[in-house]
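Dumping the structure here so I can ask a few things about it.
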Amino acid sequence: MAQQPQAGGGNSRAGTKKELPEHFKAYKHVWVAVEMEHGAVHSVSFELLGEGRKLADKRGVELAAVVMGESRAELDAAAAQCFEYSADLVYLAQDPALAHYRNETACQVLTHLVNTYKPEILLLGATNLGRDLAGSVATTLATGLTADCTELEIDEEGSLAATRPTFGGSLLCTIFTLNFRPQMATVRPRVMPMPARQEGRSGRIIEYSPAINEADIITKVLDFIADRDSDKASLPYADIVVAGGLGLRSAENFQLVKNLAEVLGAEYGGSRPLVQKGWITADRQIGQTGKTIRPKLYIAAGISGAIQHRVGVEGADLILAINTDPKAPIFEFAHLGIVADAVTLLPALTEAFANRLRINRLAS
Amino acid sequence: MNQPLHSVVCIKQVPDSAQIRVHPVTNTIMRQGVPTIINPYDLFALEEALRLRDRFGGKVTVLCMGPMTAEDSLRKALTFGADRAVLLSDRYFAGSDTLATSYALSMALLQIAREFGAPDIIFTGKQTIDGDTAQVGPGIAKRLGYNQLTYISKIRDLDPDGGALVVERRAEGGTQVLQTKLPVLITMLEGSNEMRRGSIETALAAARAQVTIWNAAAVGIEDLTRCGLRGSPTIVKKVFAPGARSEKAAMIGAEATPEASAHAVIDAIFGRMPAIEAQLFETAAQAAY
Amino acid sequence: MSEVAAIKVEEKLFSNRYLVDAGRPHIRVKPHQTPSRGLLAMTRLCPAGCYAQNESGQVEVSADGCVECGTCRIVTQGTGELEWNYPRGGFGVLYKFG
Amino acid sequence: MSEMQAQEPQFDAIVVGAGPSGNAAAYVMASEGLNVLQIERGEYSGSKNVQGAILYADALEKIIPDFREDAPLERHVIEQRMWTMDDRSHTGVHYRSDDFNEEKPNRYTILRAQFDKWFNARVRAAGATVLFETTVTELVRDLSGKVIGVRTDRGGNPIMAPVVVLAEGVNGLVGQRSGLREEVKPGTVALALKEMHFLPREVIEARFNLSGNEGVVIEAMGTITKGMTGTGFLYTNEESISVGIGCIVDDFVEGGETPYGLLESFKNHPSIKPLLAGSEIKEYAAHLIPEGGYRAIPQLYGDGWLVVGDAGQFVNAVHREGSNLAMTTGRIAAETVVMLTRKREAMSRANLAIFAKRLEETFVMKDLKKYKGIPGLLHGGKAQFFGTYPRLISQAMQTWFRVDGVDKKSKEGAILRSFREARGWRGMMGDAFRLVRAWR
């Protein structure tokens, strides 16, 4: 429930910048709250470190990561990775009660660290975990939080300018937290590029033992059932994605998308209207309200390229658009385009790819 | 538990964002004719509350903060089967961000506790479709000191007497099974249930029901600087339509046959990105063995 | 030509608002061998392009995009080929401007 | 239809439908203190309703005199354009008058979904109970056959009332399936399509030479309907343009056109296209219009029931009037019920006949009677009226206006010859005679 902005201009009261209250002036440095799942760092945290590095350099401050968990070995490994992804400093919170993510414990630890070490910017992934945690931390700290950002900047006055889509992706708005600290933002996975890893890079560790009394914590984790259907999560991370839109004309024709994806070893998805029509399930939806993807190659078949779709695919290295309408907006942002009927081109493309791969295999 | 179960469902009236268009010429939001609906995610929360009432008895109260026109959404919630509806409406709430919203709602929830009994479960949808933040639920839980359960896909077990609760929570890469105690705040995941249709009796009662309307003062908000724009630490400085990319697609001329076109397309892809060609052949070669 | 037209209808319908009552189509075509002239005409006449002829010549309906004008009901009256009802209250097309 | 023993009625009257006729009926009855239930299948009043749409102030003024204060009105009409079109041109009669910029304008463009919502809010404010998202499935009758209530798709017990006002529109399933009236016929009903094209209001005002809330209406006929009986239209709203076309369903069945193809070619007509350029389409609608006129009007009342609006075929196709007839029939039905309720008289067929009798005294029946021959005439002569004549008029205009060295006398001769050859003197005289006779 963000503010409801009017298009075309900000709010007059909001435009005036007040002096930051004295007690917030000590807040310094950029933090990333690292998300761990089963001992491994979620890649959104590395993406955030890459982005945090830029913000920290612009502010001339340090970049810190917060890791929390139970196993020292896992925490050390996570910290080492954070350094390699350019953190200067790691706050390492270790406690048996932190074995699994729970809002109560994580909120308590992160709030304590913020109040003790006073960062000016705190970034989290806009995952289920990140959103669960960010909301309660921001409320506890009574500071501003900009959720689900797609772009982070430091403005000329040194404030965090967090840009996020609004109204289902039809508009973007830039949001500031001028008079409160820290400035908090969550960022969606795959929106920021994965930064380069600097092997052997190291940094400082500040340890924190919260000494949580498990008996005080009401919520217990009874079980964790891992997804067997692993394809649910793989779409955002696939190297090649083939997607279809209404130009396919029927649910049956969507099979043509799947066929090409299979030959390419790719993931498949579709535009929002396809979900509304029930041709594909919601977890296959690509776009602002679905999955954001950053594949090397993205093939959009019969997708017109409404803005809400565009936001989700802009990070792709190479976008190929197939559409019958030469004026379709997708040709405005695709790299390669062909005016053709996807229903006839897709099978030909599938066949041609399969042939070339087979020939190459025989030759090698 | 001696008291019957009391669930409060927080709903929001939102513009149907699928219907919002930005005008191609003026780059402004075309709001005319964009219908307002109950935030679709909130319907999963409401249905879950109604199901608990079916099983354990008690009452379901719906709460909505918004303009006076939000009464329509509350009445619709009554048609689905909620027992009572509260509209929190005051011009001082205009421009609230998530922090100010969760403050106002938590004050209204305290007032609900005083007038209708303390809520055992507060439900919200996982997020709204206009703001998409998913932050108001956690904010309310923190302010009221309720246990926070977000992205809940299933309520496995509830012991209303002992207050114990077991739920399934959608986490990254899997499902967490959590055990906790009432009172709790639950944000429901989409697809966890399907909204019912109220009976003719329910619909008739809803059409004639009185919606309780409270302003800031009625819920005990004295410090208005905690509300609306003044109570919002975040400031929207700029709203803009996404800009066009400077470079348009390089067009591949369609050939006489789809086969010829397909080869032209593949040549163009491999020409632009030799790495993908290499990767494809490598994967294909591996698959062969 | 008909394909192009079909795409255009899809695009027109995309600007509309619907609440589809999944699994409860409000129009059904009864099993038939040969469609009546009226029913066959609906493959061209339906403003939402809901009707199509299958390979063996029968006419099928997919009513998700239906704008509830009732033309098919009028055109096939007396043939008994259609089972036509309004969608359940609240479902179907929801006009923003009308 | 189910038969029941008489139960205690829960309401004084039930109105089926929340379009102009249903809203008028429910509003008048509720305002007069009756306990009214109105049942609407849409999400809100207006969500299933489609019209061009022009509101005629007079009919609404008789129900809500101060409607101008808060009703969502788009533009008041100051200019009417009547166009005869061939494929590349139009010949127009335009009437524009500053007199239409009066204090209480006579005609407005409206958006029905918004207008109906407003009207229905007034219905509720007047004290009626309104159920949305509820479809009436059947009438309930007592053993004598008298209608005593309705059942809905929400199941449960029937809802009882001594009288049911059927304001259920052109596809009025309840009345038709209960045998109260016949099915609408493909020869007397038009299928109309409409799109909403959005443009900034300044653009609309510049294109149509308007200022403030002034509006323009274009009604068009000719080759745009490809020989079918029908008309096209274009209305200016505040920041949108309603554009549409409609033809008799029978003609569609016979012809080879798709309705949306017809709409596309109308929109792409060189006289229309520039008016819509650069617009954003936000809705596509289709609806049936009962155009059978006087001869198609069904039985309007019976024991415990009345029919109003489109369900009663109350549309004047010649003057493109419908919503005013709907509101007027709704109002008079309501006044009839109010009077009988006050007198504690039965809602019997004999008593409800007052409704039809009162209608005879209004413009509704007088106008429909006057034009009773027109629908048949136009349909029968559609080749001439929607093809030959528009082409001839366009050719004549072009011959007349093009300066090309041909002397004027020869031009006059050429024009007359073209008419004679195309239709023959006898044919033209006959058409003119039939038209005049039907018009009287």
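Lettered A, B, C and D in written order, each chain numbered from 1.
As a working rule, a contact is a pair of C-beta atoms (placed from the backbone, for glycine too) under 8 Å apart; a residue touches a chain by one contact, two chains touch by 3 or more.
Computed from a predicted model, the values in this text were never measured in an experiment.
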More contacts between chains, A-C or B-D: B-D
Chain A and chain C, separation of their C-alpha mean positions in angstrom: 41
Between chain A and chain D, centroid-to-centroid distance (C-alpha), Å: 52
Intercentroid distance (Cα basis), chain B paired with chain A, Å: 19
Residues within chain D bordering two or more other chains: 43, 111, 113-114, 132-134, 152, 154, 196, 240, 282-283
Chain C residues counted as touching two or more neighbouring chains: 88, 94, 96-97
Two or more partner chains touched - positions in chain A: none
Touching pairs - complete list by chain label: A-B, A-C, B-C, B-D, C-D
Touching residues on chain C, where the partner in the complex is chain A: 3-4, 6-7, 10-11, 14, 22, 64
Sites on chain C touched by chain D in the complex: 5, 8-9, 12-13, 15-16, 19, 37-38, 41, 44-45, 47-49, 67-71, 73-75, 77, 85-90, 92-98
Footprint of chain B on chain C - complex, ascending: 17, 88, 94, 96-97
Complex interface listing, chain D residues touching chain C: 41-43, 46-51, 53, 111-114, 116, 132-135, 152-154, 170-171, 173, 183-186, 189, 191, 193, 195-196, 240, 242, 249, 252-253, 256-261, 264, 281-288
Residue ranges of chain B in contact with chain A within the complex: 12, 15, 17-18, 20-22, 27-29, 95-99, 101-102, 127-139, 141-143, 147-151, 166, 170-181, 190-191, 229-230, 232-242, 244-245, 248-254, 257-259, 261-266, 268-269, 272-273, 275-276, 279-281, 283-285, 287-288
